[in-house]
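Lettered A, B, C and D in written order, each chain numbered from 1.
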Amino acid sequence: MKKIKRIGVLTGGGDCPGLNAVIRAVVTSALREYNVECYGILDGFSGLINKRVKKLDLNDVSGILPRGGTILGTSNRDNPFKYPFKNDKGEIEYKDVSDQVIRTIEYNELDAIITVGGDGTQSIANLLHSTHNIPVVGVPKTIDNDLGGTDVTFGFDTALTIATLSIDKLHSTAEAHHRVMVIEVMGRYAGWIALHSGVAGGGDVILIPEIPFKMDKIAEKIKERENRGKRFSLIVVAEGAKPEGGDVIVARKVHDPNDPIRLGGISQFVGNQVEDITGIETRYTILGHVQRGGSPSPLDRILATRFGYHAVKAVMEGKFGHMVGLRGENIKTTPISEATAVPRRVKRDSDLVKTANALGTSFGG
Amino acid sequence: MKKIKRIGVLTGGGDCPGLNAVIRAVVTSALREYNVECYGILDGFSGLINKRVKKLDLNDVSGILPRGGTILGTSNRDNPFKYPFKNDKGEIEYKDVSDQVIRTIEYNELDAIITVGGDGTQSIANLLHSTHNIPVVGVPKTIDNDLGGTDVTFGFDTALTIATLSIDKLHSTAEAHHRVMVIEVMGRYAGWIALHSGVAGGGDVILIPEIPFKMDKIAEKIKERENRGKRFSLIVVAEGAKPEGGDVIVARKVHDPNDPIRLGGISQFVGNQVEDITGIETRYTILGHVQRGGSPSPLDRILATRFGYHAVKAVMEGKFGHMVGLRGENIKTTPISEATAVPRRVKRDSDLVKTANALGTSFGG
Amino acid sequence: MKKIKRIGVLTGGGDCPGLNAVIRAVVTSALREYNVECYGILDGFSGLINKRVKKLDLNDVSGILPRGGTILGTSNRDNPFKYPFKNDKGEIEYKDVSDQVIRTIEYNELDAIITVGGDGTQSIANLLHSTHNIPVVGVPKTIDNDLGGTDVTFGFDTALTIATLSIDKLHSTAEAHHRVMVIEVMGRYAGWIALHSGVAGGGDVILIPEIPFKMDKIAEKIKERENRGKRFSLIVVAEGAKPEGGDVIVARKVHDPNDPIRLGGISQFVGNQVEDITGIETRYTILGHVQRGGSPSPLDRILATRFGYHAVKAVMEGKFGHMVGLRGENIKTTPISEATAVPRRVKRDSDLVKTANALGTSFGG
Amino acid sequence: MKKIKRIGVLTGGGDCPGLNAVIRAVVTSALREYNVECYGILDGFSGLINKRVKKLDLNDVSGILPRGGTILGTSNRDNPFKYPFKNDKGEIEYKDVSDQVIRTIEYNELDAIITVGGDGTQSIANLLHSTHNIPVVGVPKTIDNDLGGTDVTFGFDTALTIATLSIDKLHSTAEAHHRVMVIEVMGRYAGWIALHSGVAGGGDVILIPEIPFKMDKIAEKIKERENRGKRFSLIVVAEGAKPEGGDVIVARKVHDPNDPIRLGGISQFVGNQVEDITGIETRYTILGHVQRGGSPSPLDRILATRFGYHAVKAVMEGKFGHMVGLRGENIKTTPISEATAVPRRVKRDSDLVKTANALGTSFGG
């Protein structure tokens, strides 16, 4: 095995609290523990394609641990195997520019690349490894918590905290106004944030992509509360939640472009329907990118720090094509192909869903 | 003057952090300082119309100081001079039921009513006072801070804090992604929250109802930043901000019901236009009701407490038809009619606007 | 097995964020899932001794999920096997009053008791079970996270968050003043809070009871930083940390009652020594009870809720003398005697200690 | 008047949230509004004595608005008129080195110095102006809020918020344990933080330097609460509070060096006495430097930004020897000598003290 002297690190895909903590741990532990230099690659794979690389020393990563964002920048549209170009006619075409990636790595004498990112980033990293033999080690990252190969991802606890504190705020205002409040949180394919913030915030109804809902079940829950003298309710809905029997939003959009459903996504759809059925005034809130921002929670900082150190360790041990991940109390590595094969989804019979059910929370299903 | 033995208190209009602090101060100071009993009227004027009144003692208000919402409930649709009824045909008609208000007050032997609320609530209170001689004292309340008769209202600092912390969160994510982030905050007629959170959060562009904006001025600012190497920008927009020369949103809605402008209000309109003009990826967030919720800030708790005590004092001094308000360091009373006559608006030549300008912030105008 | 109709629940020992979440989960899931009534026992075992028991219904636990403290009250000095009395001479004597506990349980027809508490509470509960056959189920609680039988306890994440945010605050002020800041966090016997908040807050030195420290190692680290141009350092110290070779604090206290060590505990001892050795100005902060208070973090609310539901389930399944606990992803039960046998301690060769070492953190040992 | 081309800026005295906001506003508005360059002077007056000055451009101050601390560093011991030196015998002597200050200013061609600091810093600045004709403009800074020449100082609202949130946390734990909690906040000579956080946090007793207290009055209040069934109380005490008739702490220290009073300052003294008199278990917390740290509140950021811009404006208008300050809604300038002449103290008959009294809060006096 080639001796490692220089490691490159990049952050790809959506922003996520804890990215800076990973970068700091990579740079600091590489230098202190292994006497290895680190180079930051700017804006995800773009930096590898467009030769934007800079040396990182201890001062560059000093003080970044508690900061949101990423000092390296990130990008969503930079697949080196399918990179967008404008052709002569001004149309977008896609080319394979992975040879430029190799040139950047060779030019900067990088002996390994640590790729911090989600599903998309890791799949590209794996392809670079399998087709071009580029020595990559992955660090999983997604606030949605739906990546395989790890029990949990950093960023999730921070997003959960922001969502829960927002639910707390809506609770008091829902109660004062005797309203139904619908809050839409992130989670296009997986309901982790909605489930966890819904339980932590005491949501009366939680709607997630994994459990298609029926409107009458939701209305039933709200009426049950009204009968007990509770004239307000709180519905937590993942952006990817959908009614049983198909994606109503898309279906109705075709028939009537002016349909209110489109106006605010699933939360408005649910809110409007609830108001129609129950007659109780309803408001909705879409949390949006606020969930991705700000200082990472202590838990996320610790997990990100452990991931960063163990990614360096994996590089030193030559575990290329692997991704680090939390397994129980320990950090272990998994082949990236395995980690990205099956996304983590909420199971209907999981303990937390059953617990929420036992406390009276409705999943509308 | 009649001796005061019992005071009623109600909270009307939109929820606002600090309402419970007012109620606590009213009940506690009435009992301790003046040996006067307090009665809570439920759900704003509804409670006066529908005879929902309950005695409040020290234990009822114990522990509520830091809590959002209002233990009395509130309502937006309960004008006793124009109260909605369904007639025989099932249509909504409006009746004057102010005589019921008088009956409730007499039945409960209330010697005065403290009405905590905004423009709408105070106008009704004043009408009850002027037409029926009901002894009311007003306490100003609005997170928008646009009420006359007081330098500032409680709830504003809390909303400002929530908005600013959200801007902080968006900042790191905007920088990581090289995006323009648009954040829509409350303020239909007045730009106080947008102006203050925009300055506190370091917004590059601040759009408020008082200064109609031009899209090219906004784009200019963003390009100036790009030229300095800043590939992200943050735009804070009040929900009531509008382009120069008319309310584009309404205008275009008529012509094309499917227009994207409608989808997310002014923030989406601005975001889409900025993306079109500058070519920089843009995202928008609508903070919504989260701004109204949660524990009041220390400043708001203190102001609400002072208002509550001084409202009781005003009652004891017979200053009916008046509203308490902060004037410099002191709490003073103003006739309600005067306080509601001229709403507070941001002035283009105010010191904070000029300060923001001097620091390079664009108001788009 | 006797049919369960009524469950009693008590909270004992030190206050801990999440207690109310447990109580809410117990009451709600008992009623909804099993149609079983719940009774709250006031102030820990005191309530069992002194017959202070009250019925809890859904309204009693409505809205308490996000609140710190415990609606049942707690107590530290209420061991029914060793209960303090004043004898005729005014001296304190201890008696076994466990028969009163039995009478209270029988009188209120309680079929099981859920005891939420730490080491002390669980040991008493177990003794009540083993000697008097009282049907108890334990729920582990300690912000120190040092209880066996569970991977983690609720309250810990909240304490960790409060400690970390305080470290963040001290960081900026340490840097501005070029000072060494010492922050003392909870942890008399175990260093979990210090270790985790130290890593999350980027502490330069972390001192825990499990790794006795040498002053010269600490000074060495601070000087290494000074040599790199870092004129400030942050030391996180658990209240139970001690120098190698004995508990200096106790030792020196005997010889010189005026010794500065006593004035502020271990943090002042460390601070004074560091200032003497390095010549850098040093300040210390003792976080204290603030770590126990306030709204539980989302993670703690979820864990507490799961514990509450599973405690009821364990009661229904007759698992008396057992304690619920988190094991991996699942909640499992363990005999209380086993759970309290071996406290959880930080291991010197644990992954987090090694990770912190790799990043340059000194443990002074 | 000499044309201004270069402004120096320094931060002196204790750290305070908002210093970076001032620096950012000075640099940005000087450059953008007046095309004037700015130079940062490091570590307060030390930088002027020891020639540590660096140019600041827009990038240097980008992103610092929400950060605590000061990018320029600060110092408490750097009076150029009385600067400490070690003489040949190793003793500390003080010299006047103000000529070095002049040399640094002339060498760097600084046309004015903006001095951000409290009482001490402004007095030195004023002396530099009056004796050496150095063109200084002051910006008031103290978290204690006790400086003249301004209605309020930045940093105060942040300290108030930290103190109040800590009181909130202690409240729940005090209630759970039926304890008296004493919390010591900053304020050696003035009780602003204690008074405001005490009212905002619902403290039962507030002790401030301006109102000497009697222990029996405090005990009376706690007993009154106990009689009402409130078995917990919260005492907020400023570090400079003292008993009527002299400073007991100093007095008793002389007689008995082992006296517990010394161990934790005034909060422990009060706590111990309360426990002795009332028999209720008592705990105390000293917030300490945590109050100085962290991100400034929105209000403090806005005030600091206005101060920074107006300080530049005052420089351009030649108002040397003056300090900016908030007066009502406006920023005005006052001669530094006037501003530092009379410190702001809480008045016993101020509206907030009277309001607190009316709500039942005891000041022990």
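The rule we apply is simple: a contact is a pair of C-beta atoms (placed from the backbone, for glycine too) under 8 Å apart; a residue touches a chain by one contact, two chains touch by 3 or more.
Everything numeric in this text was worked out from a predicted model, so none of it was measured.
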item: Mutual neighbours - chains that touch chain B and chain D alike; value: none
item: Required minimum of steps from chain A to chain D, each step between chains that touch; value: 2
item: Copies chain A and chain C touch via same or different residues, half shared test; value: same
item: Most widely separated chain from chain B, with each centre as the mean of CA atoms; value: C
item: Between chain C and chain D, centroid-to-centroid distance (C-alpha), Å; value: 34
item: Rounded Å distance between chain A and chain C, as computed from the means of their C-alpha atoms; value: 32
item: Cα-centroid distance, chain B relative to chain C, in whole angstrom; value: 42
item: For chain D, residues contacting two or more additional chains; value: 168, 171
item: List of chain A residues in touch with chain B within their complex; value: 11, 14-15, 19, 43, 67-70, 73-76, 162, 165-166, 168-173, 175-178, 181, 257-258, 262-264, 283-290, 292-294
item: In the complex, chain B residues that touch chain D; value: 24-25, 28-29, 32-33, 58, 62-63, 65-66, 151, 157, 160-161, 164, 168, 171, 196-197, 199-202, 228, 230, 295, 297-299, 301-302, 305-306, 309-310, 328-331, 351-352, 355, 358-360
